[in-house]
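You will see two complexes here that share chain A, one where it goes with chain B and one where it goes with chain C.
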Partner chain A sequence: MPSRAGPHSPAGVGKSLPERGLLLLLMVFVFLEGSVLPLGAASSPDISHKENVDNHQVAAVVHNNTKKAFPVLDLDYKHVQTPFEISLWVLLASLMKLGFHLIPRLSGIVPESCLLITVGLLVGGLIKLAGEQVPPVLDSRLFFLCLLPPIILDAGYFLPIRAFMDNLGTILMFAVVGTLWNAFFIGGLLYAVCQIQPANPNPLHTLELLPCLLFGSIVSAVDPVAVLAVFEEIHINELLHILVFGESLLNDAVTVVLYHLFEEYSGQGTVTVMDCFLGVLSFLVVALGGVLVGAIYGILAAFTSRFASHTRVIEPLFVFVYSYMAYLSAEMFHLSGIMALIACGAVMRPYVEANISHKSHTTIKYFLKMWSSVSETLIFIFLGVATVDGPHAWNWTFVTVTVILCLVARVIGVIGLTYVINQFRIVKLTTKDQFIIAYGGLRGAIAFSLGFLLDKNHFPMREMFLTAIITVIFFTVFVQGMTIKPLVELLAVKKKQEAKRSINEEIHTQFLDHLLTGIEDICGHYGHHHWKDKLNRFNKKYVKKCLIAGERSREPQLIAFYHKMEMKQAIELVESGGGVNLPSAVPSTVSMQNIQPKKPPPAKPAERALPQLPRGREEEIRNILRGNLQRTRQRLRSYNRHTLVADPYEDGFGDFLLKKQKMIELEKKIKDMNNYLTVPAAPPDSPTMCRARLASGKDSDFKPAQQQKGSKICPDPQAYRGKPDSDNVPTIHVDLASPQSPDSVNMMDEFRRAGQQQKHQQQEENQGLMMKPPSGQSGPKKPGEADSDRDQQKLTRCLSDPGPSADEDEDEPFLP
Partner chain B sequence: MGASQTRSAHKYQDLVDRTGFSVEQIKNLHKRFRHLSGNEETISKENLDRIPALANNPIKKQIVDAFFDKRNQHQDEVGSFEEIGFEQFLMVMSHFRPPTLKTTEDEKEALRKEKLRFLFNMHDTDNDGTITLEEYRKVVEELLSKSGAMGLEAAKAIADAAMLEVASTNVPHMAPDDFYEGITFEHFEQILKGLEMESRMHIRFLDVDTTTMRCGKSTS
Partner chain C sequence: MGSSSSNMNHIPDAEELMQETGFSSAHLLRLYERFEFLDREKRGELTPDDFEAVGRLALNPIGGRIIGAFFSQGQETVDFASFVRILAHFRPADTNRRDGAPQDPANSRTRKLKFAFQLYDQDGDGMISRVELLQVLRAMMGIQVTEEQLQSIAERAIQEADLDRDDAISFDEFKKSLEKVNIDHKMSILFLR
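After this line comes the complex of A and B, so read on.
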């Protein structure tokens, strides 16, 4: 390293080559030694190469022009070094992820994790080729404090609680007993193998039992990061996913305890019965303590979010900060941080979700996904870099024996444990399931980081351990990770159902819960369902009241689900861009009318609803326009740095429903002229609407479609009413900047929208509602309508409806 | 004494064949039956209504009714009993047996159908082969009956939405004047396909040895 002799060679953490190139430039500038050109620049990875050159040129220019004078342009790389390097790494990781998904067909063959490790290897190799020192990127502190938490939080927050709790026993069995078995089996047999080689003098002979066991406990834990990366791609059924993934999460406590225990005692060399007992005790403390810490922070987060309704923008922050605090607090006491995070995420989620606004929820979702995916990418890249970097001590015997033992121990462990578990399980694990569980036992970066933490003084074999750990990781991630997908196909293991949960399924899930609880009660013994029911009731009665604000705390799960479903449908509809393709929720021509038992005698399409049209229709149009005007006004005055829109959830919901309905209507019109008026295909009686109607003193009974629509369109009784024109049908001047052809909706640009707003404002001032048939309508102009008279009427009516697009695209920027 | 014992053993054997329970389970259930009926031969609705743990169950009425429904007796009868004996009690209970590892695919399918039929019968109160909107609303109303006025308000909307969903998944194209009468059993099967009833609708019946039971709780 010839050029790093200057005073500016800090041995910072996480330094990489590209920055070193810049560092050299800096030195060039400072010491006015223009002739010493950066060595590192030649070996920079391509991202920063250009920057390098540019900077150098700039530096040179400045250097030439400003001798001793006031520095017009100054270069102070050191000032920004650390954040700059971090950003570069993140950028590299994101670009790699991007590129990976751009290459067609590659993602179908190779799992992302493998490719990222390869990238890491390449980057590391490049750095090494340049003769630079590879930065210790996968530093244990960095890994455990920064990279791991986002992934675990993401996993914990979105943990499918029901599946997890239903299989908790099995998961715990695999996580605790399975990991213990693996650790002792691998460690013990490894020690035995190291002893039987009497012939040649081998360094392995010096290896004692405790370091072997320590190594075994490090290498035996299934890694959540690796499992997630691979299992996300193979879309396996929920049971297997939760079994393997749950195991990888919960075995953390075992690993932590074993690690500290063996590390502690390998110095002393003797273990007494007392120590074993303390170890068991410590395990309980570490595991339960972690869960407790997490649960406390989770409840705190839920409680805090209860009062966050006035500062919606910082709501998501509570989730992140409280969880991170939980992790750090647990780590502080050497408790299981992973379990704390899982508990925290799982505990806070139901309450936080009920409290925060819909947008905050989306934010949380995206932030968690973003962070965890960046972390994951970085971890795999760093794993590759660290592989190139590390001082390796390759010992054929040790490495091969380790790999083989890992496989054998896993297989035996799974088969043995399943045999025991199946005695108690009601839904038994089949042979296929066992195979996938055994095969899905991937090892990953946690093992590496733990190995990296080992003290070289206590463990002279550290390098050999690290090499063996890396080999195991590479073997599992590459060989098993790449073959598991074809194997899943080959064995025809049941896949995850992609379909969303339907309202019927939700009803029957609830029904079944109560039914089974009831049957258990009749049988007179208190099983699984009984206790679950008790817990639910307790939750509803006390906990929810404390942690959830407002009336949502009393909302039963089914109603909450229904609201969520409606919301989702509405959003999908809006996002799909004006009803181009209706979401699957209402894919058919079936409407409310078709299931109403007491429907009015069906009228002929021609006469249907025609008589009462002008009045109701007029009202409707006015209401829509009024809505637009109000929203425009609201938007114009409501921009604020700290609030997005005044209460987006509650306000948005009504609008969504309105829009949804309007859009379905439009769709119908386009599809079929004959029944376009009578079919409001949306489930018309949403609870929100019920409430709204109750508030406005209207009856919630079913009415013929036409009236119902009318009543719904004005959910707000205090809304401003347009001055009713005394003449017949008033003319509405809606500048349908987006013609009703759905395709054009997306092409709306801000400019036109702004224009529209202005127009609306003008209208508002004039208070004159003018109607004229909009020009760009594509829908109703279906050729070949027979009866011209009726047709004409229909057309006018159809045209007079401004349709959803006018208000829809106006509002779009604010919709999540 | 000895004669009565052999007779009861013989009777149990018959029940074992017909319901699939083990002798121990039947004995346990019989004990419970005796307890519920107050040592009578038959049990009435009032007996079941009095179970304290059931008091909080929103669908208590339907559960109790299911026990007195003749359709759940595997005989082609309809109507309802006033009182049921142990045999009928056991028959109803047998709908909640878990599948075993040895169950073949065909048997699983039959089991699923049987369990779904039980549910369907609970909803289809007038036994006309369809769950009408009225009946479905009633179900959801019962389900939400513990949550006060809000539940009643929402129940109708939810039932309507659910019905609409059934109609649109099963009969995707209907003319505006068509009328969807109600959920038939085939449609019912269709919409609950994702729930895997055969592996979910079961409870653990006590065998004699309760140690198994205790472990089972944590592992199930």
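After this line comes the complex of A and C, so read on.
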């Protein structure tokens, strides 16, 4: 283990000073971890000892007076010990995440999980070098109760339901049959190998069949954390992703049952047929029970969220707490907690999202991503630390045979199962797919924790098991994790498509669903579509009415989708510098209703903030701005847990122009609806000012408010309110704060949110942090930063003027 | 099934149909049985009433169109061969081409899309006009949406898909707008393999 003598120079060339500083800080920090933690672990901390090491956190301690003076400054570490250590670990994890992306080459070659395990090893090594006892960080309770749930909840809440359900049969086959096969194959063959050892007294001889099978079942489970961590970075197509990931989630039930079964009966030595039958029954109970528990809590959460309209602030809390309770309840009954969590998240999501405000939605998203991110990092670091901790009992035969058997079992299992599954699939799995599925069967911390849970008395070979498990984990994570990316490239496996669903796709897909349902009915075939249709009907008729508040319960899916798109456009439009007119097709749905203006709007029809430009001038301006439209910022499109799931709000602006044109034409349609929204300019640090508001020259779009019928709008920059519900034409209520403060709500809450997301993403982009944007698209869409800033300033200057008269010279601010 | 071989003789032109559509004999038999079940009056042909007897079709927003698709221009009845030919569109695509299979099988992606397209395009002019799209939308979404919302959606859909700006969606534009969708997966019924 390399010992760190001091800060090492960063690998990259030309690092800026702040980055060097950060790296330095990281090194010092890791040092600190190594020194502080064993002190915490040591039972009787010695004050003078601490003084020597903890320089930066120990202040001067007044010691030397004969009379005990009143301590002006005192050190009481034990008081804060546990939270302090926890925070230190979390901080370490977060800084590590930051740090890795400062060394771009490294993060390109080595997946994050490997780096984190290495860091864990280093920290563990440091602690050991300091001569202290390594804290038992990967304690099973901590792992299963604190570290695992956020990751699983994140996965479950954002599970792509459609893809999951379409492939459910395949996933179940892999999860259940595949894991069973793996467990028995590995366990059985290990036992055989142990038995046929040459005659010299070999500790392996004492290994019985049942412990072998137990070991087999522990080590055969594909781990969701590892799969997520590695598959995240390779952006594989959705089918493969959901297959491997779904398998890793659903095999928890099998693992739980097998584990308990073998653990119970290992003491007694034999398993009867009755026990096997009970095992099967137990599996059904565990799996279905877990799903049921999760579904119940999910429905409760959805129901609660229906009434949460007056306390928006705690809406996210319901989601988290109900989910966690689902997990704990399932674990309480020894049901599958993972399946409960997945079921809870998946069931709850469509209803909760229909009920909660956008702010809550964002909060939930961000919190889940944050927690799962930190959790994952911590898990890998702890894996490294726990490895150093041991105790280890290395046995060459056992370990190598285990590793080989794992690989072989996985490959055979996948091939065999695919052969069977392909008979029943429409879209067959090719050899490439099979290879990726087999290669993606990574083991991780769950296996380790399960092994850790073993009782030493019942299983004298526990250490050997642990060593073997760790070796398998390391092998899969390091070797398979590192090589899967180049292999994916080599095999030219289909990558994830940037799925931005157009309204056409949505309409036609629904149409085809109906068509297929009809054809199935004509054929008298109760197929996939038949049941889906039935479920949808049931959902629409009964469930939605209960769980969704207000009129959104009756909203067809297509409308919801359409509204989402319109909202997205509205956000884009406003962000681009204050769209004058938003089509009133923007819905009066709950999410919009949630935006209550913080201050009551003043009644006076104040002068509009936007200038009133003559028609010809508008054309010019539009043309100029349109020219700048080409350089829109590139959005992070791929699915990545650490940035957010690509959703309509974060899509790229590839066909932005087209959208603008459509907006214009939509406005044409609704000309006689009097709910135009005049929104003042975005604050100066909005990054999107260079985009033309209205790109097409087809229509007059700078329609000042006064020209509208009845001037029902109060175009006050401070607080804006559309005309409230005039005969079910949708309205938008806008909430404005001072446009100068960067964090304030400038227009609608959504716009700020989208703006912040964009800012956030732009920052990420600029630092090249997380994503590797698809290279093909980066060219024409790179933001013209200088231009945007300049334009932005000019635009702001212009737009914040209180409505200059028509013939004022507007030339200057708009010319680039 | 035991009596399958004898029943095959009842099916007119069984061999040709199998060749043309790619159905296996077992599937063809099953379809024939279904055909006979629907054909309550035992005429050897189906009328629209027979289709409407399938209760669930009434719940289907586009049930009427589907029924209409079985009856080509002007015909009032559907015989077994036409029935099978229409259903052949919904076979999953063959991964390996059999020799002697027709060049453009009914279950190719284009043919499937064409079938769907024709369901939209009721007047058969080769374009989905705004009116036709509106009709479909109205049928699918029922009474819960307002007219303006329907109009906006139709407007947006046409704008997105209509590349040559003729205010209607041609078959090519229709195909293009669905290029990301796995049609083979979406428009196939498994048992019809």
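Keep this in mind: the second predicted complex is superposed on the first by the 499 of 816 C-alpha atoms of A that agree within 3 Å, B and C clash if a C-alpha of one lies under 4 Å from a C-alpha of the other, contacts with A are read in each partner's own complex, and residues count from 1 in each chain.
By definition in this document, a contact is a pair of C-beta atoms (placed from the backbone, for glycine too) under 8 Å apart; a residue touches a chain by one contact, two chains touch by 3 or more.
Predicted model only: the values in this text are computed from it and were never measured.
Using the contact criterion defined above for the overlaid structures, shared-chain residue A:Thr170 touches chain B, although it does not reach chain C.
Residue contacts after overlaying the shared chain place A:Ile421 against chain B, while chain C stays out of touching range.
Of the two partner chains, both chain B and chain C are touched by A:Cys523.
By the touch criterion stated above, A:Ser502 is placed in contact with chain B and with chain C alike.
Once chain A of one complex is fitted onto chain A of the other, the partner contacts of A:Leu515 extend to both chain B and chain C.
Within chain A, the residues touched by chain B in the first complex and by chain C in the second are 166, 424, 426-428, 497, 499, 502-505, 507-512, 514-525, 527-529, 537, 554-556, 558-559, 562, 565-566, 585, 587.
Residue ranges of chain A in contact with chain B, taken from their complex: 166, 168-170, 172-173, 421-428, 430, 497, 499, 501-505, 507-512, 514-525, 527-530, 533, 537, 551, 554-556, 558-559, 562, 565-566, 585-597, 599, 602, 675, 678-679, 683-687, 690-691, 694, 700.
Within the complex formed with chain A, the residues of chain B that make contact are 29, 32, 35-36, 48, 51, 53-54, 56-60, 62-63, 67, 93, 96, 98-101, 119, 122, 132-134, 139-140, 143-144, 146-148, 150-151, 153-154, 156-158, 160-169, 171-180, 191-192, 194-195, 199-206, 212-213, 215-220.
Contact residues of chain A toward chain C in the complex are 166, 424, 426-428, 497, 499, 502-505, 507-525, 527-529, 537, 554-556, 558-559, 562, 565-566, 583-585, 587, 658, 661-662, 665-666, 669-670, 673, 728-729. Remark: chain C residues 31, 34, 37-38, 51, 54, 56-57, 59-63, 66, 87, 90, 92, 95, 116, 119-120, 136-137, 140-142, 144-146, 148-149, 151-153, 155-157, 159-161, 174, 177-178, 180-182, 184-192 touch chain A in the complex.
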